[in-house]
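Scrolling down, you'll hit the structures one after another.
Look at the two complexes coming up: subunit A is in both, with subunit B in one and subunit C in the other.
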Partner chain A sequence: MPYNIAMVSDYFFPQPGGVESHIYQLSTKLIDRGHKVIIITHAYDGRTGVRYLTNGLKVYHVPFLVIYRASTFPTVFSFFPIFRNIVIREQIEIVHGHASLSSLCHEAILHARTMGLRTVFTDHSLFGFADAASILTNKLLKFTLSDVDHVICVSHTCKENTVLRASLDPLMVSVIPNAVVAENFRPRSHPSYPPSEFGDQMVPVQQHLGPHDTITIVVVSRLFYNKGTDLLVAAIPRILASHPHVRFIIAGSGPKAIDLEQMLERNVLQDRVEMLGPVRHEEVREVMVRGHIYLHPSLTEAFGTVIVEAASCGLYVVCTQVGGIPEVLPSHMTVFAKPEEDDLVAATGKAIAALRSNKVRTENFHDQVKKMYSWTDVAERTERVYDGISGVLSEADFYGYDAADAASWSATRGRAGVQSFALIDRLKRYYGCGIWAGKLFCLCVIIDYLIFMFLEFWAPRDEIDIARNWPKKSRVENSRRDHRTFKR
Partner chain B sequence: MTPGTNGSTTGSSERVRHKDRTRSGSRRRKRTWKKLLWVKQSYPDNYTDQETFLEHLQRNPRLQPYDFWPLVADSTVIVQHVCSVIIFVVCFIGIFQDRVSPVAVVGWGSFATFLGWLLWDWWLGQEESTKPTTPPAFSSTPLAASASSSVSNLHHSNGNRHINGNGLLTKHSYSASSASLYSHSSNGYSTNGHASSASTPAPKFVPNHPSPHSSPLSHRTSLRLSTAKSALLIYFTLLGLSPILKSLTRSTSSDSIWTMSLGLFSINIFFFDYGSPPSRSSVGGGNKNIPASLSTNAALMASTVLASRLPSTGQVFSLTLFSIEVFGLFPVFRRYARQRSWRGHVTLTTLLVVGAGGGVGLILGHGGDGHGFWDWPWKSGLLGVVIGVLVTGLAMGGCSWWLIGLQKYKNEIHGPWDPARPIIRREDY
Partner chain C sequence: MLTVAPHLRTRRPSPTTVEYTVSTYPQPTLPLRLLLGLTILLRVTIGLSVLLLLYSKFLLSAYSTPLVSYSARPPIKSSAFIWYLAYNVTTSRLGTLFTYLATLTTPIILLPTSATILYLLSLRLHTTESLLVLRGLGIQTSSSSDTFLSGSTTRFIPTEKIQDILVNEAFRGFEVRYYLVVVVEGEESVVVVFPRLLPRRQIVETVWRGVRGCLFEPDEKDGLRG
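Right, the complex of A and B next:
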C-alpha cells in the first residue's frame, strides 16, 4: 500500500553530506516503489520555495533562521502553521525525521503527533553522555522520541546508543544501514555501467603488485579531531619511514589540516604525501581509485559510509575499531586497528604486506559490496517499518510478540500495535521524561495541541488546496517487489 | 561465509520468519543473529538480541570510591587557604579600626616570610646536594624567593638602594593609568622581575638556564643576589604606588568596596588551584608551582581596593605588602611544604586554623577592656580559637562524609559509541 511520506530534516541539498544524500537516495527509491515522498527542509541560499528534483521528488524549503552549521533555531511552535499547511496540502500520512541535531525534524515529529500522523525518526550519529552539549541534546531527543512510532538507526551500536539516550523500548528501534550507489564507486578498471549490460558477466582482472611497486594509501576525511587526524599526523611519518614504496593521498579540509601540513614540513615528506584539499562527493571516486589502501583513523563513527565506498572502489580498508565500524565490512576487506598510534601503524604495515603478497582479492570487492548494500534494499526495509507503524503488519509480526506474550502490552504502545493519539496517552508518555522536564514537556504538548485547535479554526482544512501529485510511472516493478516483500 | 550464499538463502528463510518472530525465538533458528550489517540475516530489523544487546555498556568504569581519612587529609589544603584569607581580612579590620599597628602586621608577616624563605633555601640546598644532576632551573623559585626577601630587606637594607631600578620602576608605574596600575601591582611580583631583567645589564633570569653545573656555588649565590634585587624592586614599587593606591577609590562608597572585596575573595577561594602538582620532581614542574593566576589576581585586587580605604600611606603600603606575602608567596610555600613534609603541613594547618579562629574572635569580641576579674584580655580570642577548631573539624569531617554519600548518585555511562581517546606517543622529532 503506497504511503504519502514527508521527510523532514534541516540537512538537505544543496548542502553536501551523508545525511543529505541518505534522504535523497531513500526518497528516490521509495518513489520508485510507488510511494509519494516530499522533503521539508529549511531555505538555503538561493533555494527557497518549492523545488522538484529528479523523479518528481518535491522539496519544500521553509524559510527559517539558521544558527549553527545549517541547524535552525529551535522555536518549538513557530514551524507548526506552515508544517500543517504542507501536510494537509500533500495529504501526508507518515512524517519521517532525520538527524538528531536537526530542530526542524524534532518539531515536525511533535506537530505530526499532535495532528495524528505516524512518525519515524532516523538517527545518524552517536552521542556520548558526558559533556554538556550531549546532555542537552539527549534531553531534547528524549522529549521528541517519547512519542514517536518507530526509530531507525544506521548501525547496531547506534541503536544501543539511541535506546540509552532516549530511554526507548529496543523493539521499536530498527537497524537499517546506509548504502552506497555502487555505480558511482566502481574500481578503476571497471567499465562504467550502461544500463543495458547491467547483468553482464565481467571477470575482473587481478592486479599484481610487485615488491617494489608503489602502494598508495588514500585518506578521504574531514580533518577534524573526531575524525582522528591526530592519529594520522602521528602515524604517517612512521608508516612512510618503514615502507619506502608507499605514498599518501589525503583529501579533505578542516581545522586539523594545519597540523598535517606542519608534520609534512617538519619531516620533509611533501613529495610522498599529496594533499588535495576539499573534494566534492562526486570526485571522491576519482581520488579513491588512485590508491590501493584506504586508511580511516576516525575516533567515532555511527556507520562510516566512506569505508563502504572505498571497498566498493576496490580498496583494502584499514580502519579504527570504533563505533559501528566493526559491523560494516567483512573481515576479508578490512584490517582493524585500535585507536592507538602504534596499532594503526602496525595494521597499515599488515595491510601493505598482505597487498604485496597478493593475498587480498581487491578486484572482487566491488561486486561483493554491491550485493551487501543497496538503496533499494534500504527502501524495502524502511517500507516494512512504515507497514508496521500503520498497522498493516500485525503487532505480533512487527514487534515480535508471541500470543502468550500479550501480557507484556506496554504503556508506550497502543493495543493495536501502534501508538495511541489520544492527548492523555501522549501526556503520560511525556510525563515520564523527568521530574521537571516531564512537566515542561507536557506543557509544551498541551500548548501545541491548543495551537492545533486554533489553526483548525483559523485555517480550516477544507480551505486548503490539495496539491496535484507528480504523474507516477506505471508500476512495472510490482513483480520485482513481490518476490522480496516483507508483508503478506 | 560470503555474501553471495547469504543472499540466495535469504529468500527462503524469509518465508519462515513470520511464524517465529519472537523475542526468545533465537534458539529455534538455525543461524544465530550476528551484530553485523553486511550479512543479510533472517531476523527483522528491530530484532534485539538478548545476549549481546548493550554488552559493551560500562557504568562508572573509572570510579574510585573515596575513603574518609584521605579525603579529610586532602581537605586541609582548602582549610589552609580559607584560613589565610580570613587572617588577611582580620588583619585589615585590625588596621582599619586602629586596633593593630600596621607596622606590627607587616613586620611579623615579613619575619615569617623571611623564615619561610630561609627554610626554602635550605630545602633547595638539600635537594641540590642529593640530586646534583637535575638542573635547578625552575621559574617559581626566584619569583617567590625574590619577593620574600624583599620583606627581609625592609628591616635592614635601607642603606643600599638601587637607584636605577627604583627610578625606572617608579617612572613606569606613575605613567600607568589607574586601571593598569592595579594590574601592575597585582602582578607585582612577576612583572617587576621582567622589568628589572630588561633594564639591568645582568638579567636575573640568566643564571637559571645556561649551564647550572659549571659553578654551583656561584649559582646559588647569584640566585640569592637576584632574589634580593627583585625583592628590593617590589619594595620600592609598592612604596611609590602607595599614595596612588590610597586615593584610588576615594569616590567610591565603602559599601561597594566591601561587596567587591567579598566577591573577589570568593573568586580567589573558588578558583584557587588546590591540586597538587605531579611529584616527578619535588619542586620542578615549572609553572605548576604558581597557583592559578585568576585566583591570585582577584585576591590582590581585593586587597588593593581594601587598602585604598585606609587613611595613611604607611597603612596602605603595609597592607599591600602583606597581601603580596599572603596571596603571592604563601601559597607557593604551602604547596612546597606539603610536598616536603606532611607533618609540617599539618602543623601549618593547625597554626592557621588557630590563628584565624583567634583573630575572628578578637575582632568580633570586645574583650580586653579590663573590666572585672573574668574579663581577661584574650578571652574572646580563646573562645574564637575553640569555636574555630570545632567548626573546622566538623566541616572537614562533614563535607568529606557528604561527598562520600553523594558518590552513589554517580552514573557514568560508557560504551562503544563514545569517541575513542587516541593514544599517541609523545612525538620525539
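Right, the complex of A and C next:
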C-alpha cells in the first residue's frame, strides 16, 4: 500500500553529512517501492523554494525559517501555517522526522499529530544525561516523543539511549541500521558496477602480504574530541615505533588537526603519516582503497557508517568498542579495543599481525557487507513501520505476540496499536512529562490545536491546490530484452 | 457578491490567436449591472460630498477669497460658471450644512481622512489580467491597475525572446502557489503571468497548454495540417 510520506529535518543537502544522505537514500528507495516522498527542510544559501531531485524527489526549502535557527522556542507555532499548506497540497499521510537536534522536525511532529497524521521519528545520535545542553535537548525530545506513533533508531545502543532519554515504551522503538551504497565503496581490485553482461563473477584474488610489505592504516574522520582524535595522537607514535613497515593516512579536518600536526613534528613522523585534510564524501573511497587497515578511535558513535564503508572497501577494521559500533560488523572483520591508548595500540598490533599472517580474507568483505547493508532493505523495514502505525499490520504482528494481550496494554498505545488522535488522549500523554513541563507542554498542544482551528477557518482546505504527483514510469525491462535478442 | 474567485475566459478570434483573461468579474446579469451602477453612483456621491466638505473648510480658512454672487447666469462654457455654481451650492441648505460640519472638524483630521476616502473610492472593484498569444509574433501580458486613475500595464514579449513558458511552484506568504512564468532571453528575472490574481492550478495548467499549443508552430508529424 503506497503512502505519501513527508521527511522533515533541518539537515539536508546541500549541507553534507550522515543524516542528510540517510534521508536522501531512504527517500529514493521508498520512491522506488512506489511511495510518494517529499522532503521539507529550511532554506539554505541560494536554495529556496521547491526543488526536484533525481527520481522525482521533491524538496521544499521553507524560506522564513532561516531567521530562527538560533532561537527555537518562541517560534514553536510559526511553522504551522506553511507546514499545513504543504501537507494538504501533497496529501501527506505520514510525517517522518529526522535528527533530535532539528527543531523543524520536532515542530513538524507536533503539528502533524494536531492535524491527525501518523508520525515517525528517527534518532541518529547518542546523547548524554549530565550536562545542561543534554538535559534541555532531552526535555525537548520527551515533549515531541510523548505523542509520536513510532521511533526508529539506528542501533540497539541508540535505542536504549533514546528510550531512557524520552521515557518511551521500548515496544514502540524499532532499530533499523544505516546502510551504505556498496557500489560506491568497492575495493580497488573489484570490478566496477554494473557487472558485465557475461555474468562472470570475478573471483576476488587474495592479496598476500609479505613480512616486509608496507601496511597502510587509514583514518577518515572529522577531527573532533568525540571522534577520539586525542586517542589517535597518543597511539600513532607507539604503533609506528613497534611496527617499522606501517604507514598512516589521515583524512579529515577539525579543531584537533593542530594536535595531530604537533605530534607529527615532535616525533618527526612526517614521512610515515600523510595528512590529507578535508575530503568530500565521494572521494572517501579513493582514500580508503589505499590502505589495509581502517582505524576508528571514536569515543561515542550511534552507528558508525564509516566503518561499514571501510569494510566494504575491503579494509580490516580496528575500532573502539563504544556506542553502537559492536553491533555494526561481524567479528571476523573487526578488532575491538577499549577506548584507551594501550588497548588501541595492542589491538592495532593484533590486526597487523593477522594481516601479515594472511589469516584475514579482506577480499570477501565487500560482498559480505553488500549482503548485510542495503538501502533497499532499510526502506523495506521502514515501510513495515509505516504499515504498523497505520494499522495495516495487526498489533500482534507489529509489536510481537506478547504485546497483544491485555496485560501489557500500555497507556501510550491505543487499542488498535495506533495512537489515538483525540485531543484529550494527547493531553494525557503530555501531562505525564513532568510537574511543570507537563503543564507547559499541554498549554503548547492546546495553543497548537487552536491555531489549527483558526487555520481551517482562515485558509480553508478546498482553497488549497492539490499538487500533481511526479509521473511514475512503469518498470521498463525492454532495453535488456532487446539487447539479448540483438546478440542472438 | 460583486466579485467572484478568479476564473478564466478564452477568446479565439483566429486559429493563430488566443486570449486568456482571468478576472474576478462575475457573469454580467441585469441585477448585477444595476448593482454595479448603483455602486458607481454611490462612489460619485460620496466623492462629491467629500470634495464639498473640503471646499467648505477651505472657504472657512483665511486663505480663501469670499465668493461673489452673480446676478445673471453666466454661459455654461465659461470659467465664471464654475464660480457661479460653487456660490450656489455653498449658499444652499446643503452647503450650509457642510459649512457647519466643516467648522466642527480640524484640518489635521479632515485632510488625511478625506484623502483616504478618495483613494478608497478610486479603487477598482475587479481585477482583470490577460494573456494574448499571437503565433509568430509573441505574447502580451496585461494586468489591470489598482485604481481607476491609471490604465492597465501591458508588456509584449516577441517570440524570439521567449526561451520557455512553464508552470512553477513557489512560497508566497504562508502558502505554496502554482504560477505561470515566461523565461525571457537575456533577463535576470522571469515574467510572471497573472501576477496579481495568481489563479489556481486548474487555470494555470489550461493556459499553459493553450499557450504552448498556440505559440509554437505545430510539428508536421502532429498532423494538424491534415
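One rule holds for everything that comes next: the second predicted complex is superposed on the first by the 452 of 488 C-alpha atoms of A that agree within 3 Å, B and C clash if a C-alpha of one lies under 4 Å from a C-alpha of the other, contacts with A are read in each partner's own complex, and residues count from 1 in each chain.
Please note the rule applied: contacts are C-beta pairs under 8 Å (C-beta built on N, C-alpha and C of every residue); 3 or more make two chains touch, one makes a residue touch a chain.
Small disclaimer: the values here were computed from a predicted structure and weren't measured.
Considered on the superposed subunit A, subunit B and subunit C are sterically compatible, since they fit side by side. Once the two complexes are overlaid on the shared chain, A:62 sits against subunit C while remaining clear of subunit B. Of the two partner chains, subunit B is the only one that A:230 touches; subunit C does not reach it.
Rounded to the nearest 10, the superposed model shows the Cα centres of subunit B and subunit C diverging by 100 degrees about the centre of subunit A. In the superposed model, A:34 lies in contact with neither subunit B nor subunit C.
In the superposition on chain A, contact is made by A:85 with subunit C only, not with subunit B.
Taking subunit A as the reference, the larger set of touched residues comes from B, when subunit B and subunit C are compared. Of the two partner chains, neither subunit B nor subunit C is touched by A:391. Once chain A of one complex is fitted onto chain A of the other, the partner contacts of A:434 are absent, as it touches neither subunit B nor subunit C. Our summary of the superposed model lists a minimum C-alpha distance of 37 Å between subunit B and subunit C.
Residue overlap on subunit A between its contacts with subunit B in one complex and with subunit C in the other: absent. Considering their complex, residues 168-171, 174-178, 200-202 of subunit C touch subunit A.
Those residues of subunit A lying in contact with subunit C across their complex are 48-50, 60, 62-64, 81-82, 85-86, 89, 459, 464-468.
Put simply, subunit B touches subunit A in their complex at residues 2-4, 7, 11, 14, 18, 21-23, 25, 35-38, 40, 44-48, 53-54, 56-57, 412-425, 427, 429. Remark: subunit A residues 126-130, 150, 152, 155-158, 160-161, 163-164, 170-177, 226, 228, 230-231, 234, 237, 266-267, 299-300, 302-303, 320, 322-324, 327-330, 338-342, 368, 371-373, 381, 384-385, 396-402, 405, 483-484, 486, 488 touch subunit B in the complex.
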